[in-house]
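What follows is chain A paired twice: with chain B in the first complex and chain C in the second.
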Partner chain A sequence: MACYLTTGKHFGFYWSFVTVLVLLAVTAPTALLFGFGGASAARSQFPPLRWFGTIYISIVRGVPDIAFFLFFVIALDQGFEFLRHQYLCPDWTDRIWQGNDFVVCSAAKLPLGSAPQWVHEVYGFFLAVLTFAIVFGAFAANVLHGAMQAVPRGQIETAEAYGMTRRQAFWHVLVPQMWIYALPGLSNLWMLLIKATPLLFLLGVEDIVYWARELGGTKQARFSDYPHGDWRLWYFLALLVFYLAFTRLSEVVLSRLTRRLSHGQATIGATA
Partner chain B sequence: MKKLILTFAALALGAGLAHAGSHSVIRMGTEGAYPPWNFLNDAGEVDGFERELGDELCRRAELTCEWVTNDWDSIIPNLVSGNYDTIIAGMSITAERDQVIDFTQNYSQPDPSAYLAMSDDIDVEGAVLAAQTNTIQAAFIAEMGWTLVEFATPEETIAAVKGGEADAVLADKSYLTPIEAEDADLVFLARSELIGGGVGMGIRESDTELKEKFNMAIQSMKDDGSLNALIEKWEIGEPF
Partner chain C sequence: MSCWQTVQDYGLRAIGIGERLLPREGFDLCQQFTLIGSGLIWNVYFGLLALLVGFFIANAVALCKASSNPWIRKPAEWFILVFRGSPLFIQFFLAYFIFLRIKQAGYMPWLTSAQAGALIVLVLNTAAYSGEIFFGALRTVPRGEVEAADAYGFTGWKRFVSIVWPTTMRLAWPAYTNEAIFLFHATTLVFFSGFPTWRQQGDALYYANYFADKTFNPFIPYPIVAFYFILLTLALIGSFGLVNQRLNRHLPQERRTRLKFRPNIIR
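Right after this comes the complex of A and B.
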């Protein structure tokens, strides 16, 4: 048993937990940043910026995640390579799109074809973070936009009456107060993000669900020292426990955060 | 956000300039879930008929090769967009796939596709048949107008039969044989189908030079009988 649980494959499985946790730790703040940018853009006074914010929010929210992960990422990757190609190989004469193929000079490949496998994995991880951030950023932007609207108008008026500029009122009055309105929506998003990580495998990042499926699958004696039947149920059960424990932990932390943020908060109808 | 992109672009360009090398490593894309063709061994490395074959072909063609695994569903899109350079994943040569990518010459004989079921008295024409998505078997069942349920991985097609979701699974006989041998509940149906034109390596249409190299290496393995030895060792089907 101990031998079985310490095969190289199982270490791949354990390592994928780290990958997923790191991904969440990096993606959540990045997505929040994208969301904040999108929400601020959507309420900007400057029309093109406002259009950009609104279009970003509505388009990304309307496209299914799986389509985004299958096609957008390939397009993003090709976009980077295209830019590098233009810069690094100016005297390239062949066409870049040859039928179905996307061919750039080998110096423009990202990562380079000669790069070791871990570079490819880190790059895939980076693409995953960026894509998750764009997708969840759009949802976060919508939540934050709503939260900004929910701060009582009187608060801003008072700030203006004190002679604050728009910018000051935004940063010192609106932003500190909007979090409590945003938190329920954001905590929902966080829970969804935790569960969205299996999409990682579409990007070639081997996540926990991939390994659970691979390890649990039937193994014949010819191909493995540890033949067994279909054990996927047990592996998925382990994942279930992991996800439940993780979401429970998140709930506890988020409810503490809510209590903290509602301290001294001006809400409509409440005597803060 | 703009700054972020610019920073990234600068980093990426810098990294590229630092070691702008040649196309020296060939990345071999496989599925890693289709024994005996390709699978992950206990150590988590790609193993199987195609691992041994691929390593030998690379040695003969004097290429440095590296193995990567990719989901079957997106294995062709990732090849054409350049994430790896070959597909070596038990992929049968078909006219439909040939429109999108190129194939080397075949390194296995056309393998009959067999039906595996819980009992041997199933009439396939009225049965619910399982097959893996985007395979010649799935295309065949759909073309015949029979009832098809598709699954993303080969493992799931077997589980569907054992769980009663499907009456039989249609797949390469070489894949089903070891499963049938070790599972007393499963039996082959008498009927089998001859579909597909043998298995070859998938290569981008623009990569003619690489295709030629592998074609020559496969030919040399056919000529000296080492390919037949591998086919026999892994029980892939008929030798050449």
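Right after this comes the complex of A and C.
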């Protein structure tokens, strides 16, 4: 059994857990940044920016997130290749969309056809992170926008009475205070992000779902040193337990954090 | 081929009526709209049935969780923990392989089909999420209402049915609306998890993915899916709003809570 669990393939499986954790670690701050940008844009005084922010916030809510995942991966990939194509091959005359094909010159391919395997994997992972960040950024923008609205109006008015400019009031009064209002929504979002990580599988990254299917299935196992039947059930049970433990742990940590942050704040959260 | 012809061929393709082969060329707007729209049949099927069955289970789960008897309370708590704490995607996979085992043992072979198996997962999943919502609402029923019921001599089942339960629903309804919306969104996952598609009869996203794969152009099929789902979401908000109105009909006009779409509880 110990030998079985330490084959090279299994290290791929363990490594994919690291992939998922790295994805979470990278995506969460990026999405928060996107969200902050979106929420600030929705408050902007410059109308096009405000419209952009509002649309960004509202469109993701009505549409299944998985549709966005599938959409952005191709769209971003084509977008990057299109930009590189314009830059690298200016004298290309053929059309890029030829009927049902998307053709760019070979120098603009991303990653390059000659690139080693790991570049392809890193690029796929990068696209996945960007996709996650865009989708969850919209959710975060929604939460942060609500949090900004929740900061008592009197606080801003006081800041203005002290002669602060709009920008100063935003950075020195609004932003420090909004986090406590945003925290319940953000912790909810973190849970959601954890639970969305298996969707990496759909984005073509070799994640834990991919390995669980591969390792558990009989096809490979029959020709390896350790033949076994269909064990996918047990692999997925292990994944379920992993996720349960992970969400449970986050729940405990986040509730501690909420209690600490709401200390001394005049919200209901301080008593609850 | 005219657009009307396409609608006749592919309008009910998702449930196996009409043309057998999916379109191989053309891929014009009409084809995409028709086929993706016909896939929506399955989204509505999964969503409505899961919502309907899940509603009753959720009520039972909430009551069990509120019970003082640990033999009843603990299973309900674990049920909610397991289904809310793990990704739906993993639940689909796990359930599929469990159903596969059952099929291999010679019982209930229909369980491995998406239409039955995935529906069971969705029912249990939504039961857990809404059960938690109902449980939260059950605990916030005003004490005064219960005391008033006691004073009028209501006891046991009668008190629950005519006093506690309507208030619970009233309190839970806005959150439950969100849950329903996200349940419908979650139905798009079905054909991307372990469950196989039978004769290419998939849901809206399945067909959108088909078109995106064929044309390498994601900018048409996915916005069509988005369009359909926004319509579906609006319809849901509308019908849940009607129920909300009925639930709050005894309140004066200005104190009624309007339903607002706040996606706080998401899978």
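Heads up, the rule we're going with is that the second predicted complex is superposed on the first by the 261 of 272 C-alpha atoms of A that agree within 3 Å, B and C clash if a C-alpha of one lies under 4 Å from a C-alpha of the other, contacts with A are read in each partner's own complex, and residues count from 1 in each chain.
Going forward, a residue touches a chain if its C-beta (ideal position, glycine included) is under 8 Å from a C-beta of that chain, and two chains touch if they have at least 3 such contacts.
The structure presented is a predicted model; accordingly, all values stated were derived computationally and were not measured.
Once the two structures are overlaid on chain A, check if chain B and chain C clash or fit side by side.
Superposition result for chain B and chain C: clash.
Under the stated touch criterion, which partner chain does A:Gly185 make contact with: chain B (first), chain C (second), both, or neither?
A:Gly185: touches chain C, not chain B.
Is A:Ala196 touching anything from chain B or chain C once the two structures are fitted on A? First, second, both or neither.
It touches chain C, and chain B stays clear.
For A:Arg232, using the defined touch cut-off, is the partner it touches chain B, chain C, both, or neither? Pick first, second, both or neither.
It touches chain B and chain C both.
Tell me the contact category for A:Ile66 with respect to chain B and chain C: first, second, both or neither.
A:Ile66 contacts chain C only, not chain B.
I'd like to know which partner A:His120 touches here: chain B for first, chain C for second, both or neither.
So A:His120 only meets chain B here.
Quick check on the superposed pair: does A:Ile74 touch chain B, chain C, both, or neither? Answer first, second, both or neither.
A:Ile74: touches chain B and chain C.
With chain A superposed, which of the segments 38-46, 56-64 or 110-118 in chain C collides sterically with chain B?
That would be 110-118, the one stretch with clashes.
Hey, what residues of chain A end up touching chain B and chain C alike?
70, 74, 78, 100-102, 201-202, 213, 230, 232
Taking the complex as given, what residues does chain B use to touch chain A?
1, 9, 12-13, 15-17, 19-27, 32-33, 35-36, 39-45, 47-48, 66, 68-71, 74, 77-78, 80-83, 85, 100-101, 153, 155, 158-159, 162, 178-179, 181-182, 204-207
Which residues of chain A touch chain B in the complex?
Listed in rising order, the residues are 7-9, 11-12, 34, 37, 70, 74, 77-78, 80-81, 83-84, 87-88, 98-104, 106-115, 117, 120, 201-202, 204, 206, 213-214, 217-218, 220-227, 230, 232.
Name, in rising order, each residue of chain A that touches chain C in their complex.
Counting only chain A, the residues touching chain C are 59, 61-68, 70-71, 74-75, 78, 97, 100-102, 139, 142, 146, 185, 188, 192, 194-199, 201-202, 209, 212-213, 230, 232-233, 236-237, 239-240, 243-244, 247-248.
In their shared complex, at which residues does chain C touch chain A?
27, 81-82, 85-91, 93-94, 97-98, 100-101, 185-186, 188-189, 192, 205, 208-209, 212, 214-219, 222, 225-226, 229-230, 233-234, 261-267
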